Structure formats: C-alpha cells, structure tokens
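Consider the two complexes below, in which chain A is the common component and chain B and chain C are the respective partners.
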Partner chain A sequence: MKHTLDDPQTALLDVRNLQVSFKTRRGIVIALHDVSFEVGRGEMIGIVGESGSGKSVASYAVLGLLDRAGSVDGGDIEYGGMDLRAARESEMRDIRGREISMIFQNPRVSLNPIRRVGHQIEDVLIAHSQATRLNAKERAIAMLDLVKIREPEKRYHTYPFEMSGGMCQRVVIALALACKPELLIADEPTTGLDVTTQKAVMDLLVDLARARNMATILITHDLGVASAYCNRIVVMEKGRVVEAGETGTLFTEARHPYTQKLIRATPRRTSRLRQLLSAADPRADTVAPERRIDISADAPPLLAVKDLVKSYPVAGGVAGPGLLGRATRLVRGTKGEAEEGAGLFNAVDHVSLDLRAGESLGLVGESGCGKSTLSSIIARLIDATSGTVEFEGVDLTATPASDFARSPHRPAVQMVFQDPTESLNPRFTAFQSIADPLRRIAGVKGRQALGAKVEELSAKVGLPSALLGRFPHQLSGGQKARVGIARAIALDPRLLILDEPTSALDVSVQAVVLNLLADLRAELGMSYIFVSHDLTVVRLLCDRVIVMRQGKIVEQGAADAILDRPSDPYTRSLIDAIPHFQPVAGAAAPLSAAPPA
Partner chain B sequence: MNRIETTAPALEEAVSSAAEPPPEKQSSAWSQFVYVATQNPLTLVAFGMFALIVVVAIFGPMLAPYSPLASDSANALKPPSWDHWFGTDNLGRDVFSRVLVATRLDLLISVIAVAISFVIGGALGALAGYYGGWWDRIVGRMVDTIMAFPLFVLAMGIVAAAGNTVENIVYATAIINLPFYARVARAEVNIRRDSPYVLAARLSGNAGWRVLAFHIFPNALPPMMVQISLNMGWAILNAAGLSFIGLGVQPPTAEWGIMVAEGANFIVSGEWWLALFPGAALMLAVFTFNLMGDGLRDLVDPQRRT
Partner chain C sequence: MARRSKSALVGRRLLQAAPSVVGIIIVTFLLTRALPGDPAVYFAGPAADENSIAQIRASLGLDRPLHEQFIFYVGDLLQGDLGKSLSTGQPVLDEILSRLPASLELTLLALIFSIAVALPLGVLAATRPNSWIDQLCRIVTTAGVSLPTFFTGLFLVYVFYYLLGLAPAPMGRLNIAFLPPDPVTGFFTIDALLAGDLETFWAAIGQLILPAITLGLFTLAPIARMTRGAMLQALGSEFIRTARAAGLPRRKVVLTYGLGNAVLPVVTTLGMVFSFMLGSNVLVEKVFAWPGIGSYAIEALVASDYAAVQGFVLTMAILFVVVNLAIDIVYTMIDPRVGIEG
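Moving on, here comes the complex of A and B:
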C-alpha cells in the first residue's frame, strides 16, 4: 500500500519496497516486507505500530545502523536524491548527525553518564565541523537555550544523572539538532516520561521542527501522541505497512482491520472497558461485569492506612524529589531507617486512605510522587517510618517487612508488577513461577495437585497451558503479564496491588489485560489498588481515584468526577497533558505547521 | 549498543508471535551445548581440548608407555626419539609418560581448590550482597585483607605454616582465589536484590534465605562461570608454582611444576626437553581454561536456551 505525496519532488526521504531480514537461531526472520514511505521537508510523519511491527527496524535501516545479523535485502532508500543503500560507511557516518539525526527512547542511556552535557554537545559540533574549539562552548550553550533549558550557562556543566528524565531528553534533542539536520528520526522520544513532561518535550520538538523546516519521523506506539502531532501516519503490523494517510482521515476512515483495532484499543476519556477490545472479540461492546460485593458505607474498611510516612535521608545538595526518592531507594534497598541529624525527605508524607472490600482505588501521579513507595509499604515489601497499615483491623506494620513472608496475612495482599519481563525469574518456567506461591504458602504438594492448580490458574488468566513450560524470554509481553497475574491471584488475595500493570504493554494487549483484570475482580471478589500515571487507564478500572504529588494526596474522589471536573490545578495539568485522542474528522488538526506542500 | 537493545526484543517478539506456537523442543543440556559450541568455533576448540585433558587425567597411567617412576640410568638424558617422544630425564624416566600421568594430579588440585573457593567465596559474597550491613562489612574487610597480601606469597606462607602436603596446596589455592568469587557474587547479588522478580518471590512467601538461594543466586551464575574458568588456569599455575619452589608435591611424584623445576637445571647444558614439555602441557591447560570462559557462561545462561 503506497502513499504518494501530491508532489513527489518534495519528498526528502523516499523509502521504496524496503526488505530487511535478520538471521536468528530459528532461521531467517523477515523483519520488513515491502515497506514504503516518504517524508517531505517540514513534515512530521508518525510510524505507528506495536512491538515487533518493525517500525524501529525501518529507521535503523535508513541510517545503516542494523546490527550484524540484519541485512537489507531489497528496495531503495533515497535521501535528497542520494542512494543511501549504495553509500559507503564513511559517507553514512557523515550523513548521520549532520543530515539525518536520531533521538532514542531512553534519554539516560543515550547520554554519556560521565561527561558534562555541554561537552557532549561540543563533541558533536566539532566532529561534524560545525564549530571550532573557540566557539563550541558558545554554540553548545545556545543549543541548550534553544531546547528551553533554563540557565543554560549553569546547566552546561551538569552531568546527566543530575538532571530529570525530561531534562535529559531535552539535552538529547539538543544533541540531535546541533548540526542542523534536515531529517530527524525520533524513536519513542517520550516513552517513559511523565505526561506533563511528554507534552513539553513534544511541543518543543514540533516548534523546533517547524522553525527549521525539518522533516521528522516520529516512531511511536501511542496513537494519541501520533494523532496530536503528526501530519501523516503510517501504520505498521508485522513488518508491513498496512495503512498510511493523512492523520485526520486515517483515524476517521480507517480501512484496515489492524488500524481499527489499534484505534479501538487506545483508551479515550469516554471509552468503556469492553469497547477497547478488538471488534472480533465476542465480548466487545458488551458491558463489563460489575463487582460482586456491595460497597456499603457502613461496612468496616478492608484496608485503613493511617498517617503513613516514609522518609529517606538526604545526602545533601538539592535534587528533584523524584530522582532522590529513586536513588535512595536503590541505595538503601528495603532498609531505610532515617538517620539522625541528616536531612530527611518524605517520599510518602502523612498519607491516610481507606479501601472497602471489593472497591478499586486508583493511585495516580507522576514519577517520584510516592505512589510506588506507598504501594510497596501496603504490600509489606518495605517498612514505613511511621504510621500504620490496618488490614481487616489488624496492623500489618507490626510485622517487619523482612519477616512478612511468613505472616498469616501474606496471601491476603499480593501484587502485580510494572514490567512483566523483570518481574519473572529468568530461570523459572511459567509453571514454576505460578507454582512458587502455591508451594511456599498454600502448601500444595505433589506433582498432580500442583499441576492441576497451575493449569486452573493459567486457564483463568487465559494462558494456553502449552506455554507453561516456557521461560520468560520465550513468551510475549502479554503472555508474561498473564503469568504475573496468575502468580498474584494464586493465593486468592483479598487485596491486589497493580503497579502500572500495563504500562510496558502494547495497547491491544493492554486492552485485553485490563478486561481480564475486570473479569477476575468480578469472579474472585478482590479489591484493587491500581497504581498508574495514566488517568484514562485508571478510570477504566477504578471507582475512586487518589492523585498524589510529592508524597501527599492532592485530590481524591470518584474517577469520572476527577477526570471531568478536577478541582486541584495539579490534577488539571495532568489531565490537560494527556494527548487528546478523538478520531473525529477535523478534530485532529496537527499542531505542527506546514502541511505537505 | 542502543540499536541492538532496541531491535532484539522487538525481534524476539516478532519471532515468538510469528511461529505460534513453535514446536516445544526439549531444551536439553546437550542441544544447548551443541548450539553454544557450533556458534563459536573457539569455544568448540576449548571444549575439545578440555575433553582431551580430562581423558588424559582419567586414563593417563594406562596411556603412558612407561612407568613414570621407572628409572633407567642407561637411557638418561636422551633427546626426543621414537621410543621416548619427549626424551628422558636425568634418571632415565620417560618424560612423555610423566607429563601424561601428572595431568591427573594437577587437574585434581585445581578443580578441588576452585570448587572450595567457589562455594565458600560465593556464599560469603552472596550473603554480603543480600543482607548488607554487618555481613557486608565483615566479608568485605576479610576479602580486602586477603587481597592485601601478594597472593602467591600468601599461598607460600600458608603451605609453609600448615605443612608441606598436597591438601595444604589445595587449601592455600582455595584461600587466595576466594576473594574473587566473593566480590563477583556480592556485586551480582546486590544488583538483583530489589529486582521485581525478587520482590515477587517475597510476596510468594519465600523466606530470605530461600529468595537468595533459589531466586537470586542462580541468576548470578553466568558471570561467576567466567571466573571459574579463569581461576582454573590460575589454580593450576599456582599449584605448579608452589611445587616449582619446592613446596607441596614432593619428588619423585610426577607433577608439571616439579618437572619444570628439575628440568630447569639442565637447560643450560642443552637438555631443553626436560623443562619444555611439562611447561607446554601447563601452558596448554591454562590456555584451555581461559578459552572456555565464554562458552561456560553461555551454557548456564537461560536466555541462550531457546
């Protein structure tokens, strides 16, 4: 499916019938089939697709950055009339950075951790002879200023670890744009950043692209971001371009079933849980099951958190609370007693909350707001500095976290972790992972009994039992998420803490997992604490939402009410930063200027 | 680097979803071994040479054409010939037979020494990495103390003080290698201590020691495997070195270090084969163990098992 510009002369990059394959242990895998797209000057196109769709491979192939196992087998890559496939490595090195630049996903990894950011920008300028030793510093500071870093003269001397994720991504953008490239490839530039930071970074990127009349390729899994910022969108699935078109028309008149499925699966402010499922799913557009247990106001709360504080010592110096909270958590691990005399930073600052049996509570906030620390304390993985966590009237904090594994309350509170890959032991098969809690706590013994129970659990979460013998790296993201959920519900917990359970998943998988969680809640009568940075996702599953900022609760109330009528300015800024995804004709007017000439 | 990280998982995803469901091949140790060996020819060579060394260690006395201790003064100091491939020494003993027979002793010393330092050093390091605090301080300072000595001199001291026996060579070698395992284990355990799968194991009701032993430690194995293989080479050198200076194994026992030491006296007078062949055997063994490191790591890494 080819998309042609009105005037082919304007295409800066023209990729035609690109074919790329990788050699793997299982044989040759064709990563791209016949992929064609083009970008004109001043245009921002989005390449959208889920993991494994080949969207990143396409851009790596353009830059000649495929790793050794990969090879371009066919097609043409033409950049400004030059055949990039025929270019020598030395020519490519010159083109990369000066003509075509790239921004990678994780800004912290793309920056050299032991060099000051200003020097890193100078390196690029000097390498491409855009500056001399004499004016490099001046130019570097001008670049920092350009990406709207405040006090660029001062920031010139900072190291990447001293900056927040959003700041690092700005520096990466400064690096990428230092040599005034004609074409910028941004590979998931805002994944992993908070929504407010994402908005700031994307706005900056669009402004710069417009000012320089630069062509931009935005690679993203997020339809919201793509629809808000791109002129044209290319949808990829399994190495093929399935559909391409103007942003406005593509979303309203999506023809390919895959595009339709993606659009459905992207949560909107008004969508209901079942509407996210693919149209082929028999449950699609039905009503999600209601919870079994009534939440009556006079019932005693299942969980009562009272005046909870978690403080970490501050090593000195000033740093953002988010950075600091994370760093100290890494250093101190599960022990984190406050040290006398040292300054204290409260990751969780006098938080109280109630949760009734059967209720689902959303815990929302940006990174560093203390939501993960709070949920870890409730899950009894770390100890609080002060305050209590009462579960069915029993104070759980009476047992230290290190001994809680043997507490009779251990099965009652379980957790599903953020990254399905990281949360599974790489040496355990799916079966072993699910069987672990059964062996340790439920005391299920014997191959037969254990096998039957594990199969029952995997059936509950929709994991084919043939996959139980596989190791985590042999499973897809969605399958790994199911294993993690099966393990968490193995002990019939009363309270399940979901720590961003879908943030590492593709939207279509997220849709399925969210529906699975809703079904399980109805079936098993659990209460959920859903920790997330994404209000639109939280709303789907939760009755009540708590918004946290800097360790404190800033707002709480019914999910829909908060999303529609936020009373706190911080909550409002969070909601406003969510890319508006409303596939209505004309509504998705791209923010970037110059429509293709 | 970045590009590999980004494409590899995506590719993995593509592969696993494309071949749905791929034939459930049993990931036997053997097929894993075949894969690792064929992926890297150097590993294949290393494993081949290791197999040879093991065969010689086990069957050495049977393969040897002469008794390693039988002296024949009529045939003393003969250069290599068809009858005596590696020549004969000053007492007329066949050097080839002695080199073969010595393999068992040298290999045994190094394997046992490395096993002891792996178990004790690994356990101490893992405890230090997992519990931190006092464990970490005590183990850390202990390791630092050992490292503060010139290691070979320390080994000499231990053997000289404890008595001149083969067992004491093993203990001395184990003690001087212990810090390396403790440090690798500590670092590898420490970075995994708060990883989500470890937290999940705690949620599943695993007590602390169980989390450490069954969830963290096995995942710390691959880098330790590299250490084992390198250490095997050092341990052989160390044992041979101690024998060379007259500690530990005593003549007339066939041992590479002693043979080199004894042969060294004859190099000046032109009888080079006495020292060269046991020295070459020693070099070959050390070289093999150093080569094996990467292959061993790949063998115990589940990511490579598909």
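Moving on, here comes the complex of A and C:
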C-alpha cells in the first residue's frame, strides 16, 4: 500500500516499503511489511495502532536505533534527500538529536537517574557543538525555560526522581529540542500521564513545533490524542500500514475494518458499552444488560464509609508512629495545612460515601488524589488512620488489614488490580491463580471439585479452558485481565473493587473487558467500585461518580450528569483535558443505529 | 537542603554501626568459648597432670563463670588489651597490629589489580555481547574462580621465579638484604616512599606483585561478572535509548550514562570482595610466606590459642563493619536517590 503525498517537494522524511525483521529464538519475525509514509516540513502526523502493530519499530528504524536482533531488510528511508539507510553510524549520530529527535513513553525512566537534568541537556548541546562549556549552562537553562519549567535556574540542578512525571517529560522535550531538530518523533509521549498533564504537554509540543516549523510524528495508541493534534494519520496493524489519510476524512470515512474497529473501541462521551465492541461481535450495538437488583433508596447501604482519613508522615517532618494520632488531631483543626508540610499529609482526607447493593460507583481523579489509597482501605489492604468502613452494617476497620485475610468478610470484598501482568504470580498457571483463593479462603478441597469450579469461573469470564494450563507470560493482555477477574469473582464477592482494570490494555481489548464486567455485574449482582483516571471509561460502567482531589471529594453525582454538566471547576478541567474524539456519525460505523440506552 | 540531609544520613549510618560492634564483641566471645579443645590442657603441655592443668585454668581465669569472664574481657578490651597469645606469649594486639598492614597492603594491591582488569573487561564484554572479548571475559572469570589460589600462586612462582627469574624469591614482604622502612602506615611500599628510599620501594613492590596477582585473579571473577551484568542492564535501560536518540557520542553513552549507573552494584560487590579477601587469603599467605593475619589466625586456631583467635575474629568483624560503612557512604555520595527513599 502506497500513500504518496500530493506535493513531494515538501516531504522531509520519506519512508518507502520499509521491511524490518527481528531474530528471535523462534526464528525470524517480520515486524514491518512494506511500510510507507512521509512527513512534510512543519507537518504533524500520527501513527496509530495497538501493541504489536510495529508503530514504534518504524521510528526506531528511521533513527537507526533498532536493537541488535533487528535489521532493516528492504525499502528506503530518505531524509531531506539523504539516504539514511546508507548513512554511516557516525553520520547517524550527527543526525540524531540535531536533525531528528525522539522522545519516549515513560519520561521518568527516559532520563539518566543519577545525573542532574541540566547536565543532561548540556550533554546534548555539547555533543552537537551547539554550545561550549562556557555557555552550555546558560543554554540549558534557556531550554528549561522554553518548555515552561518554572524557576529554571533552580531546576537545572535537580535530579529526575525529584520531579513529577509531567516535569520529566518537559525535560525530555527540552533535551530533544535543544539542538533545534527539523523532525521530532514522539513515541507515546503522554501515555501514563494524567489527562490535564497530557493536555499541557501536548499543547507545549504543538506550540513549539509550530513556532519552529518543526515536523512531528506522533506515535500513539490513543485515537483521541491523534485526532486532536495531527494533520494526517497513518493506521498500522501487525506491521502493515492499513490506512492513511487526512485526520478529518480518515475517521469519518474509514474503509479498513481495523480502523473501524479502533474507532468503535475508542470511548467517547456519548458511547454506550456495546457500541465499543467490534462490528463482528454478535453483541455489538445491542443494549447492555441492566442490573437486576433494585437500588431502592430506603434500603440500608451495602457499604458506608464514614469520615475516613489516611495520613502519612511527610519527609523531613517530625511525626513518628507515636505522634501520629496527636498530629492528626492537630491537622484536623487546621485544614489545608496538611500539604504544606505540617509533618503529616492526608492522602485521604475525611471522605464519606455510601454504596448501595448492586450499584456501581466510579472513583475518578488524577494521580495522587487518593483514589487508590481510598480503595485499598475499603478493600482492607491497608489500615485507615481514622474513620470507619461499614459493610452490611459491620465495621470492617475493626479488623486490622494484616488480619483481614482471615476475616469472614474477606470473600465479600475482592479486588481486580491495575496491571494484569504484575498482579499475577509469574510461576502460577492461570488455573493455579484462579484456584488459589478457592483453596485458601473458601477451603475447596479435592482436585475434581476445584477443577470444576475453576472451569466454571473461566467459562464465566470467557477464558477458554485450554488456556488454563498457561503461565502469565504465555497469555495476552486481555487473557491475563480475564484471569484476574476470574480470581476476584471466585469467592462470590458482593463488592468488587476495580483499580484501573483496563488502563494497561489496548482499546479493543478494553472494550471487550468492560463489556465482560458489565455482563458479570448483571449476572452475579455485584456492586462495583471502579477506580480510574479516565472519565469517559468510568461513565460507561458506573451509575454514580465521585471526583477526588488531594484526598477530598470535590464532586459527586450521576455519571452522565457530571460528565455533561460538571459543577466543580476541577471536574470541568479534567473533562476539558480529555481529547475530543468525535468522528462524524454515519460513516463506516453506524453509530446512529445504536438504540438509545 | 539536599546536602544537609546527606550528611545527616552519613551520621545516622555511623551510629547504626555502633550496635553491630557491640554484637560482634559478644558473639566473638561466645564463639571462642565454644571452640573445641581446652586451652589450659594445651598450655600445660603433654606431661601435665590434673593438678597443674587446674592451676593454669585458674591463672587464665577460665574457671570463673562465663559472665565474669566476659566482664573481664570487656574491661580489658576497653583498655586496648586483647590478651596474650598462649603460644607466643606476645600481646595479641601487638601481633595483630604488626601483621594486619601486611595483609591490608597485599589485599589492597590485589583489589586494585583486579579492578583494573575486571572493570574494563566487564564493560567491553557488555558492549559487545557474544564477541571474542565477551568469550575472553567468560574464560577469565571461570578460570579465576575454578583455579585454586595455591595452584595459581605456585604456578606463577614456578614461571616467574624459577624459570624466568623475573620475580624475587617468594619469601615474605621484603628480601633480607633490605631493612624494613620506618613504620608509619605499616605498608612497606608507602613507608619506603615516605622515607624517600626508592630501592626499598621497588623491592617491596617486587615481593608484592606475584601474591597480589594470585589473589587478584581469584577476585577478578565476581567483579567482572557484576560489571558485565550491571552494564548490560544499564545499557538496556530507557535513558540509554534517550541518550542515543539525542546523538550523544558513544563514549559518553557507555561511560557517563552506562557505567555511571552500572557502578552502583559494582561498588557493593567490591565491599564484599574486599572483606572476603582479607580474611581468606591464608593460602596465598602460606605460599608466599607472607606474614599476614590469615596465617596468624590459622596457627592460633590449630593451637587452640583462644585469645589470638578472639582477637582475629574481632579485628575482622570490625574491619567488615568499617568496609561496609565505607561502601555505604560511597554509595550515598554517588547515588543522589539514596536518602529520599531511606
């Protein structure tokens, strides 16, 4: 598939029929088949695709940064009329950083952890003779200023671990742009950052690119980000370019089924759960099952959290364990001082909430807002400083978290964790992972009884029983997520706490898992607490949403109402920061055909 | 702010060392009492009868209850008295102080030698995996650990002294033709330099080289392996990719960015290797007739010379604490992240 630009003179980077393969233990794997794309001067193009699509490999090949096992087997890479495939390593080194720069996902680990950020920027300036030892510091500080880091003179001396993720990404951008490159390749630059930080970083990138007339390749899995910032989009699947075109037309007139599937799976403000599924799925565009359980207002709540506080000592503070109680009382008296270093920091600050049986509650906020701490206290994995968690009228906080595994309430409250890979024991097969709680807590004994129960659970979560003998590394992300869910529902919990269960998954997998969760809830009558930073995803699964900030609840109410008419300015800023992905309906995916929910 | 917390950290680490020293004193005392063999019997000689043995036991204070013995022991320790060696009749402290510098000098030189070889070898092996230099690294490290030190020692003596005549006779720290320099540090090489006596310096170096290489070959393996592993990990990390994508020169990427991070685990290994070498180079000391602390300990052990053994164990344990302390402090200096997490 070739996509020629109308005006070839403007093409800065021209990649033609690129073929890349990797040597692996199982033989040679072709990572890119005939990939072609081009970038004009000052243009911003997006390369989108899910994991394994080869979108990053293409850019590594351009910069000659493929690892040892990888090799470029065919095709041309031309940059400003220069053949990059024929370039020697020393020439490539001159090009990297000065002509073509790259920034990466996960800014925290993209910087040398034991070198001051200022020195890292200087290294680049000096490597490309853009500065001498005399003026390098001045130039580095100017770069920090350019990426809008406050007090650049002070920040020059800091180490990466002393900065937030967003700050680190700004430093990485400063480093990449220090030598005024013509082309910037940004590989998932905002994945893992909060939505508001994502917006700030992307806006900064776009402003700088515009000011310098710099071409940009944005590699992302997020169609929302791509559509919000790119002129043109290249869609990749399994090492091939399946479709490419102007942003406006590509999303509304997507021809390739993969593009259509991606568009469908990307949640937007108005989507309903079933609309996310691939058109090939028989459940697609049907109505998601409703809860069977009535949420009657007069029934006592399933869960009542009252005035919950969790404080941590602040580094440099005076608080030892013995002082904790007294200091908490002190902090209580003077609200707002907690963050200012009064010795204690309230990760959860006097939070009260109710959850009715069968209800699904979303807990939303940015990293550090206390949502994960709160959910861990409710799941009784950590202890609260003060306050109570009542479950069906019983105070769960009466049992310390360290003993809660033996509590009769342990089966009733279960959790699904964020990273499906990290949360499974790598030495357990899927069967063992699911059987573990059955054996330890439910006391299911005997091979046959255990086997039958595990089979039943795996059938419930749609995990083929042939996969039960596999270890986590032999399963895909979606399959691992199913194992995690099966393990959590093994004990027939009445409350399931879902901590960002889909944030590590590809959008199409996320669509399937979210639907699975909705089906399970309807079938088993569980209540959910769904913790997420992503409001559009929360809305799909939740009746009610609580927005948290700095340990406090800033707003709560019906999910749709909050998303459509936020009353708190913080909630509004969160919603505004979500890239607006709204391809016009009536195109490939007949969204209008979906029945109103 | 950052600096102040660093020095506070070092201070706290120093304080933490104090209880371990107290623990060491207790444990060494108990351990030496648990040694098989009765020092009184040994001291009395083969012809002694029950009566004279009991007399000697009383004169050594060995008939008292354990806790009384301990109080005497600690009281003596506070006065710098480690007791008298039963076999030589010399104060243990004097003997250890005269022998420790010999072992330290040998061990330090051996360590310098093995760092000088192992670090570049590990770095080169990591930058070119599966190349000939990587294979060489593998062979050298395997040979280093698998050949016993007495074998390599004897082999080197055979080749360089007996066949080639390049090395001096393996007879202690200095040829008898030379007088030991005035003791300042106890290191012959440094003392000779301080005295301005180059001839003695070279003679001392000549005596040191073969045992140092023998010992160094043995310790090369863990350092080279650790360097290679840490380098591979560092070079595979994402900040190296960023550095390469920014077009930094290869030297800068490998040395400043790669080695700068890889050196952290290597420093920890160095501390362990050093402490290990110091106490366990008995075989090398025996082969080269080196008057070090290792051979002293073995002789004392064979003779059930509990005061000497106790003194040796105590010295080694304190050295171990000091070395670990030094490593921790060095670590705090080179890794800015230490202190925030701790």
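Observations on the structure shown:
To be clear about the criterion, the second predicted complex is superposed on the first by the 558 of 597 C-alpha atoms of A that agree within 3 Å, B and C clash if a C-alpha of one lies under 4 Å from a C-alpha of the other, contacts with A are read in each partner's own complex, and residues count from 1 in each chain.
Please note the rule applied: a contact is a pair of C-beta atoms (placed from the backbone, for glycine too) under 8 Å apart; a residue touches a chain by one contact, two chains touch by 3 or more.
What you see is a predicted model; the values in this text were computed from it and never measured.
With both complexes brought onto chain A, simultaneous placement of chain B and chain C is prevented by a clash. Of the two partner chains placed by superposition, only chain B is touched by A:R440; chain C is not. Of the two partner chains placed around the shared chain by superposition, chain B is the only one that A:P464 touches, whereas chain C remains out of contact.
In the superposed pair of complexes, A:L65 makes contact with chain B and with chain C alike.
Once the two complexes are laid over each other on the shared chain, residue contacts for A:R150 go to neither chain B nor chain C. Once the two complexes are overlaid on the shared chain, A:S476 sits against chain B while remaining clear of chain C. Annotation for chain A, partner touching more residues between chain B and chain C: B.
Shared-chain residue A:S110: touches chain B and chain C both. In the superposition on chain A, A:V172 contacts chain C only, with no contact to chain B.
In the superposition on chain A, contact of A:R427 is made with chain B only, not with chain C. Touch criterion not met for A:R88: it reaches neither chain B nor chain C. Touched by chain B in one complex and by chain C in the other are residues 65, 104, 109-110 of chain A. Every residue of chain A that touches chain B in the complex is listed here, in rising order: 22, 24-26, 29, 31, 51-52, 54, 56-57, 60, 65-67, 70, 104-105, 109-110, 187, 238-239, 329-330, 333-335, 376, 379, 381, 402, 404-406, 410-411, 414-415, 417-419, 422-427, 436-437, 440-441, 464, 466-467, 469, 471, 473-477, 484, 487-488, 490. Residues of chain A that touch chain C in their complex: 63, 65, 68, 93-98, 101-104, 106, 109-115, 123-124, 127-128, 159, 161-162, 172, 175-176, 179, 315-316. Residues 5, 129, 237-239, 241-250, 252, 256-257, 260-261, 264, 334-337, 340 of chain C touch chain A in their complex. Contact residues of chain B toward chain A in the complex are 2-4, 6-19, 21-22, 24, 35, 132-133, 193-197, 199-208, 210, 215, 218-219, 302-303, 305-306.
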